[in-house]
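I'd like to ask you about the structure that follows.
Chains: A, B, C, D, E and F, in written order; residue numbering restarts at 1 for each.
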Amino acid sequence: MFNRYFEDFQTGDCWSSRGRTITETDLVSFAAWSGDWYPLHTDQEWARNTSYGQRIAHGMLVLSAAIGLTHLEPGTVAAFYGLDRVRFVAPTFIGDTIHVTYEFVEKQERENDGIVTAKLEVKKQTGQTVAAAVVKFLVNKCPVSQ
Amino acid sequence: MFNRYFEDFQTGDCWSSRGRTITETDLVSFAAWSGDWYPLHTDQEWARNTSYGQRIAHGMLVLSAAIGLTHLEPGTVAAFYGLDRVRFVAPTFIGDTIHVTYEFVEKQERENDGIVTAKLEVKKQTGQTVAAAVVKFLVNKCPVSQ
Amino acid sequence: MFNRYFEDFQTGDCWSSRGRTITETDLVSFAAWSGDWYPLHTDQEWARNTSYGQRIAHGMLVLSAAIGLTHLEPGTVAAFYGLDRVRFVAPTFIGDTIHVTYEFVEKQERENDGIVTAKLEVKKQTGQTVAAAVVKFLVNKCPVSQ
Amino acid sequence: MFNRYFEDFQTGDCWSSRGRTITETDLVSFAAWSGDWYPLHTDQEWARNTSYGQRIAHGMLVLSAAIGLTHLEPGTVAAFYGLDRVRFVAPTFIGDTIHVTYEFVEKQERENDGIVTAKLEVKKQTGQTVAAAVVKFLVNKCPVSQ
Amino acid sequence: MFNRYFEDFQTGDCWSSRGRTITETDLVSFAAWSGDWYPLHTDQEWARNTSYGQRIAHGMLVLSAAIGLTHLEPGTVAAFYGLDRVRFVAPTFIGDTIHVTYEFVEKQERENDGIVTAKLEVKKQTGQTVAAAVVKFLVNKCPVSQ
Amino acid sequence: MFNRYFEDFQTGDCWSSRGRTITETDLVSFAAWSGDWYPLHTDQEWARNTSYGQRIAHGMLVLSAAIGLTHLEPGTVAAFYGLDRVRFVAPTFIGDTIHVTYEFVEKQERENDGIVTAKLEVKKQTGQTVAAAVVKFLVNKCPVSQ
């Protein structure tokens, strides 16, 4: 889906990634790397006393993994432009398997390239959406058609 | 700044984090962990031939590190609610040192807590802004005042 | 507690950190990073036949995590001076949640700064102490009072 | 076994390493580092529907861990020359503890050193072989005897 | 190239991966994770006195990264069957950028699937081959044609 | 040196480990894993303005790496008992190569085992000592001689 030039994106097109199981390793590694040790992610005893009853993944972990599952193709996608309306709508627990879906909703042509806007949803194995956002990519035009 | 109850946030208040040098290790670790091996972040030869002339940090790396630098206080901040208008406005190179600044721009009271909205900017040692976003946190009210 | 100048430390003062759950990830990562693959930490079959019946965390893992939980403040704490009488007194198992407590026991003034000595204890969720040490920090004097 | 000069290797000699428990952390770390996210290693839901019924370790993870368990001695072993007939013959599951055995099968003398050929087997706690290979090391001659 | 069924592989076909810069982080991470701290990979002073004059990447690091660059497609490739004649023919230094090429050399049909044999070469930015092997994958037949 | 029973340790004996180059990766990984982001270790701009002029390794990083370089032998060394008089006496910079030396200074026999006390010194390639400590190991008696 992302190995296409600007001309070949159609609004309404969808794409769905492979899955990735979110593990305790991911929570520990992300807490460490990012420096965000908020106890809901890293302290089992503290998390036990919340409404979740257990540790949950960082919002930024889920969003970063989602972008990582997207596999942007260098020749066609030129840049990850930005994000809008990012909302963390349900918890991702240790052992949940997430994947990301895109629905392309808008194309904005520019002189040498174009901006493609998509609705991103991160879902888990139950079908529940855990995070949602609007994403904008800068996409190259087809070299021949320019 | 983030160890305060909803009542104690004032629009206009600012907060600035400590710094963190973004290293080659961070680029390699984030590419690996997230699965985003886009060559601008991971292939020195490829990056040499872009307008940047070198590898640059992933947008999500910069944003995740910024949230990690924020150190949310468990007792007062209840949740990281969402992000709006995330824009990656300048490259972060290997060896750049970033910090994050917040300016609180809006308070929205709810029955038992409140939403605090802030403008986040990630800046590097030169003073240049590399990423910007609007962030929303769910903040507890002071237990006494409820 | 650690964002204070030398003048503001009182012997008898205490400080307690947030908690951190020690995970299998931490044992594997620390074994790998440090190069200490002693089988009590890394070989489940071997550990099963010891009096512990399972893998236990490295002493240095517990001690390093404890220092990491301390969050020294750059402006006031000038250096981590040294450790005395470090003893590993009980095992930390995978899934235990540790925190660190400090009791300040001695102040030694010097011309431009001072040495603050504290008794450190690493405790787990059961209240049991797993490691103890005497720690010395070099602490700045208050700039105004010098 | 590997801290010997070429003259001291006898065909028929055997050597067996310590054990290492292969953890979920190892699968996640190896997938991330190598970039090989094949779902049999990283997606619990996908793996559940295979004949294995669960995630299994990457072949290259098992082989790399086996070489790591070998502890080549700098003064005597000069280089890891190559591998032949590498076969992944049974799955390594999360929680299995592997060790590696060597049987030396051939010595090939050269002017200044020699090539020692060994049959390597990676076995798990049940005794089952999970991987096998023929390995060749370049080994120094004894300095005195040259 | 690897998202094809057994019927669609032709001997003589070639495939080339994206590049990956091998960094000091990769050497340190692989030494740690695998436990192979041979000083040619991890001790700069020791390596300085070898004919290479500097640290070089582990053979297994290069080979594992090469398999990771291959991106096997779950639906078509069923298993990584084995490796033959693995040879490490030139050093990979910190800062080298490698990619992997495949040339398919043999197809062996079985009742329900087939074995595809390829010559793998890992090359660096200079065009030099650093490692070579013969690789065998188990590939599904096209579901329709069975 | 550490694959000996209690009876075979002699006061005055010495042992010296292989070397390990301390890299930027080690500083970043240890800061992340331990949670100790003190800016002298992680912020290049901040460190530039200190008397060191650059980032230096964490004391606990150096000490943990030293214990990791020791390679305790399971059959003979029963436990890492404790540490005394740990002092960080000189900075370890990125790129320094450390090794550890032990001098055995005391043996204390107990009914079924014994405590061996050693002076540990961590030195870098220049010969300078960067850390020192007194270490105590619990060592098994020779099974035959009991």
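The working rule: a residue touches a chain if its C-beta (ideal position, glycine included) is under 8 Å from a C-beta of that chain, and two chains touch if they have at least 3 such contacts.
Every value quoted in this text rests on a predicted model; they were computed, and no experiment measured them.
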Listed pair (D-E, A-C or A-F) duplicating the A-D contact set, over half by residue number: A-C
Pair with more cross-chain C-beta pairs in contact, given B-E and A-B: A-B
Rounded Å distance, subunit B centre to subunit D centre (Cα mean): 43
Rounded Å distance, subunit B centre to subunit C centre (Cα mean): 29
Computed distance of Cα centres, subunit F from subunit E, in Å: 37
For subunit E, residues contacting two or more additional chains: 18, 20, 24-26, 29, 33, 35, 37, 39, 46, 74
Interface residues, subunit C side, partner subunit F - complex: 20, 26, 29-30, 33-36, 38-40, 46, 59-61, 63-65, 67-72, 74, 79-88, 133
Residues of subunit D touching subunit A in the complex: 24-25, 28-29, 37, 39, 42-46, 55
Residue ranges of subunit F touching subunit E (in the complex, touch as defined): 18-21, 23-26, 29, 95, 97, 125
Contact set on subunit E toward subunit C in their complex: 32-33, 35, 37
